[in-house]
Amino acid sequence: MDIKLKSKLSKITTFIFDVDGVFTDATLLVGEDDVQRIFNVRDGYAVQIAVKSGYRMAVISGGKQKSIATRLSGLGIHDIFLSVGTDQKLPVFQKYISERELEEEEVLFIGDDIPDYLLMKSTKVLACCPADATEEVKSISDYISPVSGGNGAVRDVIELVMKAQGKWMKIF
Amino acid sequence: MDIKLKSKLSKITTFIFDVDGVFTDATLLVGEDDVQRIFNVRDGYAVQIAVKSGYRMAVISGGKQKSIATRLSGLGIHDIFLSVGTDQKLPVFQKYISERELEEEEVLFIGDDIPDYLLMKSTKVLACCPADATEEVKSISDYISPVSGGNGAVRDVIELVMKAQGKWMKIF
Amino acid sequence: MDIKLKSKLSKITTFIFDVDGVFTDATLLVGEDDVQRIFNVRDGYAVQIAVKSGYRMAVISGGKQKSIATRLSGLGIHDIFLSVGTDQKLPVFQKYISERELEEEEVLFIGDDIPDYLLMKSTKVLACCPADATEEVKSISDYISPVSGGNGAVRDVIELVMKAQGKWMKIF
Amino acid sequence: MDIKLKSKLSKITTFIFDVDGVFTDATLLVGEDDVQRIFNVRDGYAVQIAVKSGYRMAVISGGKQKSIATRLSGLGIHDIFLSVGTDQKLPVFQKYISERELEEEEVLFIGDDIPDYLLMKSTKVLACCPADATEEVKSISDYISPVSGGNGAVRDVIELVMKAQGKWMKIF
């Protein structure tokens, strides 16, 4: 691992996630009365462990469905911003870290597509993306996971940080 | 890119999409009371951007479920023709472009299978198909996307046109 | 194509299908109140064309859900036997062809797993299976499709027969 | 097959399964009112055959949904422990084998991730995992299936035991 990335990883206290294409493979199951998403249980374990280990976790998504919040709050993520339009992701992020008195450098953000681009490009977060992110997002990422969205990309970045900080597999 | 394709791309003002096998991987999730389709969020972003950029968008599908219209109108596509049988696709297309006073050459049509064949073969649209279209459809396509249906084929053809016209990543 | 297979294909008037693992990839989506299956639209077109072309079509499945019949009757298959246990597949088949006065040799049967084994092994049907059928079933098949279940195996066997008989792409 | 594994396989009378990542590919389909899982029909046949052949079968899962029990009891598994937290999997296992008067060595356990780790590491069960289990679980497994979760890993371990004991394809 390159030494610059290692140094950045050591500062992370907070994970902020996009949802579609990150927690999922970017698909939506669309029926008459409901839209479903396909989450990954192994991502879920990593989130639960990270929460128990004291990391702060938040979600900023353009998704509208309450089921996103139901799933993610069940894993221990309570700062969940939904229905956030492309042009609102950066301001929502800025308000959040300001209220929590966080430095940009202590935040890992993982996104995959256009709505995440500006936030990832114009802040000092550790910008991460899944293996199957769009080219534009890959080109501005500090770390491109070898794992695609919905197949463990969330787990991969959580393990990456926790291993760099010597915290993975310590509490179980 | 071959020069003939480039010239055709420069004329496109309008996208007309088949749904199953184009916006989806041709699967249907069939349960007791509902049929679901698996749409792709990254296709969705591209549609929204293309609509905002002024492209005309329409859908001609044999699919019957209202959920198709709910999903696609949410992305900004309002000309949606459902339950269109194989022998009606061409007449529905002809009536549509006639009412809108469009030339065939300014329309990109993307289809994947038998019901799209006649329309793609007998008109002057820019005929496109996903990587996993049937052989018959591939054989009459001007452009075969490297991406399969439901995995970003819609996004690929939208980026193709918008990049050829210098409009991609201009508005965000 | 080997000459023996070609000769067998020329006699086919009737398709009999297993469902799970043939029309689907052998998965079941299991929720609180419903079980869903993932059908393929391209299989569906081929079934509709074969029905219109005069082929007889039937289904013998261990599956219990009415949604199987809803989907397949919508495609034009009306002889649908559901909830058929492993030891009943052969007798149900025998009763069916007897009532319809069919010879075993004019029937193509496609199955993928244990419950189909006895029928495929002990009759003179043209025994077919998807690429991902179990080894036991593959070992007794006259034709192993290069396509897996749910990804177009049904379409592949229908095209195989109709092309061998010069009927594919004649009616559309 | 190595001689030590062969010897262990000969003693197995009981299968205990984790669910997510073993019977499924670790995905959850999350909608407004329900969570669905994707089971595999070919796994199901193997379970039914193993039950009829006299093997004892149980499930210990962190999953909460009743639909797990509905699906698995339909296959003949009646000892189903749901909502079992990571720190309760080992005690639930110990209580179960004690009540049934089983030796650890006669139990095959298949798990894929962190919640299964302690049980697999600290007991004398035949520890198995799917091809796509996490590295930690793979590192303590006696047998790593070549098949991933939800794609037939359950079937693979059942066939492995039944073939080693000369019981596969004997009753059908």
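The first chain written gets the first letter, and so on, giving A, B, C and D; residue counts start at 1 in each chain.
Throughout what follows, a contact is a pair of C-beta atoms (placed from the backbone, for glycine too) under 8 Å apart; a residue touches a chain by one contact, two chains touch by 3 or more.
For clarity, every value in this text was computed on a predicted model and none was experimentally measured.
Asks: What's the rotation angle, in degrees and to the nearest 5, for a C-alpha fit of chain A onto chain D?
Replies: To bring chain A onto chain D, one rotates by 90 degrees.
Asks: Just curious, how far off is chain D from chain C if you go by their C-alpha centres, in Å?
Replies: 31
Asks: Roughly how far is chain A from chain C, going centre to centre by Cα mean, in whole Å?
Replies: About 45 Å separates the centre of chain A from that of chain C.
Asks: Multi-chain contacts only, two chains or more: what residues does chain C have there?
Replies: As it turns out, chain C has residues touching two or more other chains at 29, 33, 36.
Asks: Quick one: label the inter-chain contact graph as line, ring, star, complete or other.
Replies: If you draw each chain as a dot and join those that touch, you get a single closed ring.
Asks: Would you mind writing out the residues of chain D in touch with chain C in their complex?
Replies: So the residues of chain D touching chain C come out as 29, 33-42, 45, 49, 65-68, 70-71, 150, 169, 172.
Asks: Quick one: in the complex, what on chain B touches chain C?
Replies: 20-21, 26-33, 36, 86, 112-115, 117-118, 134, 136
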